[in-house]
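In what follows, chain A forms one complex with chain B and a second complex with chain C.
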Partner chain A sequence: MLASVPSEALNGLEGHPVDVEADVVAAAPTFSIVGLPDAAVQESRERVRAAIVNSSFAFPSRRITVNLAPADLRKEGPSFDLPVALALLQATGQVPSVNGTRGIAAVGELGLDGGVRPVTGALAVAEGVRRRGVAGLVVPAQNAAEAALVAGLAVYPVRDLRQAAAVLAGGGAGADRAAPVDAAALLSTPPSGDVDWSDIAGQGQVKRALEVAVAGAHNVLMSGPPGAGKTMFARRLPGIMPPMSLDEAIAVTRVHSVAGLLPAGEALVVRRPLRAPHHTISTAGLVGGGATPRPGEVSLAHLGVLFLDEFPEFRLSALEGLRQPLEDGDVTISRALTSVRFPARIMLVAAMNPCPCGFHGDRERECTCPSYRVRQYRSRLSGPLLDRVDLRIEVPRLAPQERRVLDLEQTSEVVRARVTAARERQLERLDGTGAYANAHMTVRHVRRLCRLDPEAVRLLDRAYEQLRLSARACDRVVKVAQTIADLAGAETIAASHVAEGLTYRSHGMGSHAG
Partner chain B sequence: MARPTDPSRRTVSRQRLGRAAEEAAARYLETRGWRLLGRNVRVGRGELDIIARRGPVLAFVEVKARRTHSCGAPEDAVGAAKRRQVARLAELWLAARPWAMGGVRDVRFDIIAVDLTSFPAAVRHLAAAFTGD
Partner chain C sequence: MRADADTPHEDVARAELRARAVWFAELAGWRRGFVGGLAAKCGGLGAALLLEPRAVAAASAARRRAARNGEADAESEAESSAFAAVLARGPSPEAAPDSSVVTWVDEAYPPQLRELPDPPPALFLSGLATAGLEALGRRHVVAVVGSRSPSAYGRELAATIARDLTAAGVLVVSGLALGIDAAAHEAALDAARGRRAGNASRGRPSGGVATVAVLGCGVDVEHPPSNRRLFARVRGEGLLVSEFTWGIGARPWRFPARNRVMAGLSEATVMVEGAERSGALITARYALDLGRDVFAVPGEAGRRLSAGPHRLLRQGAAVCESARDVLEALGYGDLAVGWGDRLTGQEAADGTEEDDPARRVAGALDGGARTADQLAAATRLAVPDVLALLAGLEVDGAVEACGGGAYRVRRGR
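So, the complex of A and B:
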């Protein structure tokens, strides 16, 4: 007898509809799975057999052929366990086939005891099932919340095979459904942070520079001695970033779900991510990859902050891999048969010591490095990557009296409000361009949309000549100046805005031109 | 029974053991409503111990005998290679006889383990002991 249960395969974040077909025929007993299954899918035969028997169903002693259609798409992972078992139960008449054209799909891993275990990427699966037009989806209970984010899909959380079979038998009627998630409500409750902008004493200039950076989503390079507070600042950046829209939250949740980072039972990532990989990370870990392509840190930081501390210590190949995401906002990983795209629109925050010992330029402690080593250390910063850094900020160690100056009024919430207002002005100006912040403006956008006062133009021309800025560096200054103007609520970019923008550009970093 | 002391007599005795076990297995099945379709059935260069039918179930039964427990439980003596061989021979046998599948719903590979250390011999029937893969 023949039966078929719809399911979904994931290629990166994209779903592809799969039909799990089962054919049970009176013949010498074998159990084969076809349709380019990987090792985990082949192993599912053992799990399915044990799960069926331990759920008090009968396992047929006949020839069983399971086909995961389409036959030319690679099937990976244990999430097909559940639909295979259900198709078998239907093919042996132990569970009636689902009537009705729109059907019920299923995903889930099976334990030997018949329990249903969570899968990764449930949100992307649910989206794919919905797109296909299937009305319902049986999912592991721990994945139900994220699947319930998809409107118009009936989500049936199940804990074991018997429960899943009951859902199918009833065609979904009378079965428990996951309650639709009010994502807007989840997002509107402000993220309760354990860290706050006002925790940081003094450092007014650094705070201002970072506020500008966040407002325009500009990439930042922080330089300073160890312990000056670079990490403290980085951890508080997501707190001053504008709140995520629903689309943004779903985009982030989708990536985290596929990476297996969504805690069980949670529906939505509500806070902008902060990823801080150690500098020994591999290229694949940072950018994404692996035999089965997985998102890298840069994608896990999508719409949030990627903090690279000890920037010069990172492998050159890993840093080179950041070029594409910094340029295009996504990462494409190619394999023999397919290519996978993960989003990676990040704010890059790089931090470094000014020299190997860390105290070059420090007002109190002597730098103990020979000058050739300082040059060597700084030359490890790749030119093209530095080209994408819009602001360079020095984070000095505080003098003792400065350490007691606390500005408790400038909380994360207050700063965030300013940043959000500045972003809204940007969105208005950038409407229709595809960019959502000043940092992402192309040269054409800058020419067309940024309006400078005459004095601002003159100042910029002088800087171009005297500081020998490249054209690219000039555009960058304009973008930053535009953000500064947006923070001030100004209609046009004034000379003062350009002046401030210039201070973030040329900083005592040595020989790098522009 | 005299203890065998020379190799030729030991071999004969092992053959006798095999026969005794098969007899016990055959009787066991028949008393439980199985119809024996064949015993020691030659298929190609191999042999299937017992082919039996009961209702909608067609069973290919491999019989194993043991005199002592020293070599492990009898069912473990049907190793992977042997199992593959039984499955292969069964497919061949079925392929040559399409009529044999009439009214059959389940096809099984069973093991009957005959423990000859006790008297009368203890018979253990492991239904669906293995599959073709």
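So, the complex of A and C:
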């Protein structure tokens, strides 16, 4: 007898339709799975056998063939356990194969006791199921919340195989369904408030620079001695970024779900992510990759902040791998059989010490590095990558009296409101260009859209001459000045905006001679 | 010809003596202490120069054996063979063109160097040779020396002192190493440029040697390589001096020798920063031995780089807080008029600055480097406004960023 249960295979962030077919015939007892299964899928035979028996069903002592169609798509992971078991139960008549059952898909890993375990990527699977027009989806209970984000899909959370069998037997009728998620309510929950912008004492100039950076989605490089507070700043950056829209939240959730980083029972990632990988990370870990392409840190930081502390210590190949995602906002990973695209629209926040010991240029403490070590350290910064960094920020170590200067009015909420207003101005101006913030303007956009008043033009020309700026550095200054003007709510870029923008350029990090 | 102290025989021609002096200098570059030992044995460099070249060769054999007896910094095979080759060749008159070498027998030889117990037989020159030698003989000469890896404080003080000394007409000498040396040379070059411009506008002759660098290698060897641009500037506007012949590379023992020349050339030596065992201390010790003035710039107590200057202070060196201390010791009279303002750059502190925020910011920078935050607190302006004003001042060349998010008044334009 033949039965079939729909399921989904993940390729990157996308679900691909798979039909799990089971055929049971009276012949010498064997159990084989065909259709390009990987090792984890092959092992599912043992789990399925034990789960069926331990759920008080009968395991047929006949010849069993399971086919995962289409046969040319590689199937990976343990998420086919549940559909294989259900198809088998239908094929042996233990679960009635009523007419409606083709309308219910299933995904889940089985334990030997028949329990159903959570899987990764449930959101992407649910979206795939919805796309192919299947009305219901049986998922592990822990994944129900994220799957329920997909509108128009009946999600049946199950804890064990018997429950799943019951859902299929009834065609979905009478089974528990996951409550639809109130995404709007989730998104509007206030942040926990244990890290806030107003926690940081002093450092007004760094705070201002970072506010400008976030307002225009500019990448930044912070440089300062250890303990100056670079990490403290980075951790508070997501809190001053504009709140996420539902689409953005779902995009972030999809990546985190596939990477298995979504906390069990959580429906939605509602805060912008901050990823801070250690500097020993591999290229694949940072950018994404692997035999089965998995999202790297740059994708996990999608729509949030990628914080790279000890920036010059990262391996060069990993940093070079960041160039394309910074440019395009996504990562494409190509393999022999498949090509996968992960989103990676990030704000890069790099941090470094001014020299290996950290005290170069500090007025109170002396630097103990030989000068060649300082040069060596700085020469590790990749030029092409630095070209994508619009703001260089020096974070000084505070004098004792400055550590008591707290500005309690500038909470994350207050700063976020300013940043959001500035972003809205940008979206209006950049409408139709494909860019979503000033940092992503091309040279043509800068020429066409940024309006400088005559005095600002004069200042820029003088700076170009006196400070020996490159043309590229000038464009960066204009971009940043545009963001400063947006923060000020100004229609045109004034000289004072250009002037402030000039202070965020590189101050010849190579030398402090003279 | 200056030779009254040692009265060379009439029959040895001056040209021959010159060739021998250059030959000695070449030998001195390949074997440490060789010429000094020879002169000591003969009772003076002048007497040594009168030795027949064959006698010199004989003396060298004796010296070489002595050197073998357990000296840690023994000379390499290459140095030994180079020494032997030069020794075998003997003095050659063509080796020493007048324009780029000055020997002990020449009148242009800096007179203050003759006070050294073992003066260099010859100095090899690059840059403004004639004007430089004349300036060394005629102007006040002060050495500014210190650590190769100074703090921002040390760098700033070295530059300020060198700038103000140069502006007052003093010739600043240093060793063209990294750190304090480079800062001093750079500041002197900048200040001399300003001084020349001033002279030209007042119709005075605009010539002048900006600074003199004493090297521990040949004047055509640019060591350390990262000072390449500074080498070019000194060569163009100042003078490079070395007692070692062309092409001789840097070796550890040649630097103390260089320090001896630096101390010998200078009336006063100013040490800015340096550790307990610092080359600058060697210079200061030579200066003390010669009875010249030694100044030390005090540093923060307990810091590694303060150890050198503080040790000098303990031994009786004079305190140097600004160029003024040195200038007073050199006998500059009317320092009270005008100097205070010029040296600390505080003339902007008057009533009008209140109105102009840019001047307020510039005024707040008078006390030294400040971050934008500190400036905002001092001027009661908002941080973005301060940043905008700073950028304007930077474009005008009035201030510069000096690392750590701080800005300072730009010096020595």
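By definition in this document, the second predicted complex is superposed on the first by the 505 of 514 C-alpha atoms of A that agree within 3 Å, B and C clash if a C-alpha of one lies under 4 Å from a C-alpha of the other, contacts with A are read in each partner's own complex, and residues count from 1 in each chain.
Here, a residue touches a chain if its C-beta (ideal position, glycine included) is under 8 Å from a C-beta of that chain, and two chains touch if they have at least 3 such contacts.
The structure displayed is predicted, hence computed values, not measured ones.
Superposition of the two structures on chain A shows chain C fitting alongside chain B with no clash.
By the touch criterion defined above, A:67 reaches neither chain B nor chain C. Counted by residues of chain A touched, the larger count belongs to C, out of chain B and chain C.
Contact with neither chain B nor chain C is seen for A:163 once the two complexes are overlaid on the shared chain.
Residue contacts after overlaying the shared chain place A:467 against chain C, while chain B stays out of touching range. Superposed on chain A, the gap between chain B and chain C at their nearest CA atoms measures out to 70 angstrom in whole units.
Chain A has no residue lying at the interface with chain B in one structure and with chain C in the other. Touching chain C in their complex are the following residues of chain A: 202-208, 224-225, 354, 360-363, 366-371, 375, 393-397, 402, 459, 462-463, 466-467, 484, 495-503, 507, 512-514.
Residues of chain A that touch chain B in their complex: 26-32, 60-63.
Chain contact summary for the complex, chain B toward chain A: residues 57, 87, 90-91, 94, 101, 104-109, 128, 131-133. For chain C in complex with chain A, the residues that touch the partner chain are 148-149, 151-153, 155, 159, 178-179, 182-183, 186-187, 226, 303-305, 369, 371-374, 376, 383-392, 394-397, 401-406, 412.
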